[in-house]
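All chains are identified by letter, namely A, B, C and D, in their written order; residue positions are counted from 1 within each chain.
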Amino acid sequence: MPDAAREPLRSIALLDEGDGAYRAPDPDGMRRFVRDEKDRRLVDKRMSEQDAVARFVHDGDYVSYDTNVWRRGPASLMREIIRQRRRSLWLAAKFSAHDATLLTAGGCVSDIDVGWMEVGRVINEAMQEGRVRLHEWTNGALAYRHLAGALGVSFLPLRYVGGTDVFRMSGAKLIEDPYTGQPICLVPAVNPDVALIHVNQCDMYGNARIFGPGLAPAETAMASRRVIVSTEEIIDPEEIRKHPGATTLPYYLVDAVVHAPFGGYPGTVPGLYRADLQHLMEFGAAQEQGTMDDYLDKWVFSVSSHTEMLERRVGLQKLHQLRAEETHTEGYYT
Amino acid sequence: MTATHAFTTTEAAICYTARLIEDDRLYFVAIGGPPLLAILLARRLRGADIAYVVEDGTIAPRMPIPTPAFMIGAGLASSRAVAWTDMNTVDFHAGLGYIDCGVLAAVQVDEFGNFNSTFTGGCYDRPERRFGGPGGANEIASLCWRTVLLTRLERRKFVKKLDFSSSPGYLDGTPGARERAGLPPETGPWRVVTERAIFGFDEATRRMKLLAVAPWSSIDDVLGDMQFTPLIAERVESLPPPSEAELDALRADIDPMGRTIGGDWIHLAGDGDSLQRIVVEPAAGT
Amino acid sequence: MPDAAREPLRSIALLDEGDGAYRAPDPDGMRRFVRDEKDRRLVDKRMSEQDAVARFVHDGDYVSYDTNVWRRGPASLMREIIRQRRRSLWLAAKFSAHDATLLTAGGCVSDIDVGWMEVGRVINEAMQEGRVRLHEWTNGALAYRHLAGALGVSFLPLRYVGGTDVFRMSGAKLIEDPYTGQPICLVPAVNPDVALIHVNQCDMYGNARIFGPGLAPAETAMASRRVIVSTEEIIDPEEIRKHPGATTLPYYLVDAVVHAPFGGYPGTVPGLYRADLQHLMEFGAAQEQGTMDDYLDKWVFSVSSHTEMLERRVGLQKLHQLRAEETHTEGYYT
Amino acid sequence: MTATHAFTTTEAAICYTARLIEDDRLYFVAIGGPPLLAILLARRLRGADIAYVVEDGTIAPRMPIPTPAFMIGAGLASSRAVAWTDMNTVDFHAGLGYIDCGVLAAVQVDEFGNFNSTFTGGCYDRPERRFGGPGGANEIASLCWRTVLLTRLERRKFVKKLDFSSSPGYLDGTPGARERAGLPPETGPWRVVTERAIFGFDEATRRMKLLAVAPWSSIDDVLGDMQFTPLIAERVESLPPPSEAELDALRADIDPMGRTIGGDWIHLAGDGDSLQRIVVEPAAGT
């Protein structure tokens, strides 16, 4: 039996390590949180986006989402986070889109782990003014760090990141592989405080279905302390049990179920509605022209909810049009 | 309770375990056998939708009762689940702390709750009796917050030294022993259930502690069938025998084909605290 | 940039390690095999079980399968391996059933990595006579070692196995976690020489669908150098492309596609046919009575193929009955 | 070839890259942009079902042409795939050696094929110009057997020292440098494609080597636009400009909305080896 006081058999060389800032992996802390705070009962978790964000997103949280505001992203939850003026969030931008820009414009963000994200005036100015710090990773390394978090371990070995400035600025380590003797990188697990996942279908308990490719929805939900699911459709729990193979997330991972038709707007939810390119151009123009405050006022602050935004700012005709023009449903709903 | 009250050692362990099952917890069990039957029995008795995951990745199924004939090879065992995943996924859920309690069968157990499901007698390469192996018990006993072990109260089963340690209890019982072996903290065996006694573990010494004894048995009777001497609770509870309601549900509703009938038949006479064991005889086919 | 000649920053303690036998992980060797031997083209890979086993299963191979001969197991391929008298196979018995017994009775097996398996007279006698060596792991650890192989790394950290005789007899190591400082186990990856996977549907290129829960079919296929898929049904490649979300294995992982209706017999393929309990009892009786040679002669050697076995030994009436009595199809085919 | 022959720098790089694409290989590309368009162009020109995977887990899709307006946010981009998985899964396939070649765009590249897609000028926390980040390029350039890089031939792009090394080439070029950094052996950049030159890498020194130059350019012209001096192949090939067939397919079939028009317009006059660049002018919107 191993004993802390015992001499190690031998030692493994730690060859190099990055000096980036990251939250120290704490799988035991994650376990205790799950034990003490997560409900294993089948309880109705439906709530408004206001309640979900008020209860489960806090200043200073590490926030992860999947995929991004251009495709099946939790856009309505992001707007609610801005509306509730959360501050000092640390985002996991694993193949992000303008999500990080939007939340930064809303003043919600202090740190971003970057895989890839749309970068424009908002991020640039926030960096210049020191309001936002970036931490360079890669899309895959971020997805993989979520996998590590989902596996309940503190790190995973991987065969990239090494040799680049990404390694130097990251929390990665290069060690002598105890099995092959060759150098191998390790990356630290991430256990986000909260995950935001927009799904196609979900029952009231949180059993959720995602259709189509994705970044790392299952890993992100498993790795995160809190999971807010927004869903295009609430379905009957018995329907979930009729097709258990279709379930992406089982209920016990999920803390809140927000019914949010068009929750991905202005992005697409493939098979349901296309992206609103006009809105995306409006966003782009607001960024370039430095009128993001107007944009946020129009789309976030001047409306009290996602539903009100859809009604008063998008309008039923546009919604019908976006649905009608998503003609490719194959593999999703047909 | 009548003089004709009779049950097998396996039935008793299943009924006692069912009493320990809590409605709002999530369990991890093997694909078949007494641990699963204990959960199905608890469901049946309380009408509660008690949730469990299975090694094959099935999450919270609603297995119909009576249970199918060949559970391990029956699609019905996975029916009406909330998700069909795979072995790694449910192990990850356990690793993340989602699974409150594993319920497992053990061939041998030692005073710190370490247990054996690999072999007895001889040596690893030439065992006298070889069993199926650790299966999923090692990960379940390592990762779930609590573990309930089912076994029979016999000297060859409650041993000073395991022939093989397949799955971890409190290891050598020293503080932090599990953590030093790489296991998550605050986990470990919680109860050991047999046909006539239930044990827990002392918080300080991690040694097995006798908590309850059947009225037709006694502390001496129990200690006489163990190689090691467990701690004795300050107040040892009386362990009511399987009730008729429990046995009826198990026999008529859960397992009418009688596959749970294993171990020995125990025939009781008397009433309340005056219950006496009058016969012990092997059950058919064991 | 790290340099082999450079002094390590510090060292990580290797606290303990098992002394079990296992194949040294070789992710680079796996990569080279994939580069040089695996076809990235969409080519017709349909072939008989005879050809698949003759081409892709060799004496001394490490063989992995999913799940087991009682449920959606590659039973017809196993019988063909016996028929072709393969020798010295090393089996991964991750929640195995009587598969290992059958192959051991056939004289095909020298080593078994044990998670759980049915053990009876055949295995016991083979152990006593030193014909078969067992290597104690656990179901989960074996599935996880396949995951490590599937991830292309040589090891993964995990939070069990430690503290037991399983650790002592395995290839696991206990190290000081470079992130938390706490002890953590590592287990070595396995990259089987060949995987045998029985699936519900597959196209001629190897795009395969599995319905229902499973042990680690995707990890096993990804981790393995060669992948033989036997399938209840060959479906049109365009059908695969209509529902990309239903695909379990993409074509390039797969080397052989064997059309094998009732390929799981005598086990069940849930949703299609139930297990043949009568056959299982016959197997059990043959083992107990020491008449496995007769069993093998009847079910394997005296017939030239799976189809001939079904026709001459099982019979159409029994096949119809097994299908008819699998009344629970929900979630699989309905 | 007529005097009115004109194309943009981006179009040229796409057309040249398409020529490097092999029918029977498996590619890894970003979700949109010139690398993906190069594969779609090769498919179109040869009628071949060239397979690629995308970071979002889409495996071997048949994206319809013309390509959808907002590719990164269009379900059509994933249509008729053989499988929809996720980012980790396709990265594992690359890690296992299944993906022959990654095709990537680079902001800056150095003489060993290391490249930058993070920022230029200033420092990391206060960059003069910040880009999207490494994205999936780091893993693609690390794990695929070969990498093709697309960029423009400009002094600010072919640099002695990267402002930031986002993704690995041959690192410092010493033997085994990639392996010492933990990357799989026998991998690395294979070609760097620009609008008027194609580079490879010397097997011994791992330094970039000029392989082909457009007839309307010259070796001196190429070297004049690079901060470092590459090796020069013993026989530098002539790089035929984008053909009318290539440009027609790209413009009419793949991208009729003209999203590939980036960089500068190049107008050529003459014929064959006497081709001359007559005008270079910025393309609209760049």
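Keep in mind that, in the parts below, a residue touches a chain if its C-beta (ideal position, glycine included) is under 8 Å from a C-beta of that chain, and two chains touch if they have at least 3 such contacts.
The structure displayed is predicted, hence computed values, not measured ones.
Contacts with chain C and chain D are shared by A. Counting steps between touching chains, the shortest path from chain B to chain D takes 2.
Measuring from the averaged C-alpha position of chain B to that of chain C gives a distance of 30 Å.
A straight line joining the Cα centres of chain A and chain C is 35 Å long.
Centroid to centroid, with C-alpha atoms defining each point, chain A and chain B lie 40 Å apart. The set of chain D residues touching two or more other chains comprises 58, 78, 80-81, 84-85, 95, 143, 171, 177, 180-181, 184. Within chain C, contacts with two or more other chains are made by residues 1-2, 4, 27, 151-153, 158-159, 162-163, 174, 183-184, 212-213, 242, 244-245, 330-332.
An unclassified topology is adopted by the chain contact network, corresponding to no line, ring, star or complete arrangement. Each chain pair that touches appears in this list: A-B, A-C, A-D, B-C, C-D.
Interface residues of chain D facing chain C in the complex, by the touch rule stated above, are 24-26, 49, 51, 58-62, 78, 80-85, 92-93, 95-98, 100, 143, 145, 171-172, 176-177, 180-181, 184-186. The residues of chain C lying in touch with chain B in their complex are 67, 70-71, 93-95, 97, 114-119, 123-124, 127-128, 130, 133-134, 136-141, 143-144, 147, 158-167, 169, 174, 182-185, 212-219, 267-268, 270-271, 274-275, 277, 280, 326, 328, 330-332. Of all the residues in chain C, the ones that touch chain A in their complex are 1-2, 4, 6, 8-17, 24-27, 151-159, 162-163, 173-180, 183-184, 186, 188-189, 211-213, 242-245, 330-332. Across the complex, chain A meets chain B through its residues 1-4, 27-28, 30-35, 38, 40-42, 150-153, 205, 207, 222, 237, 240-242, 244-245, 247, 249-253. Across the interface of their complex, chain A is touched by residues 31, 54-58, 69-70, 72-76, 78-81, 84-88, 91, 95, 114, 118, 124-127, 130-139, 141-143, 162, 164-168, 171, 177-184 of chain D.
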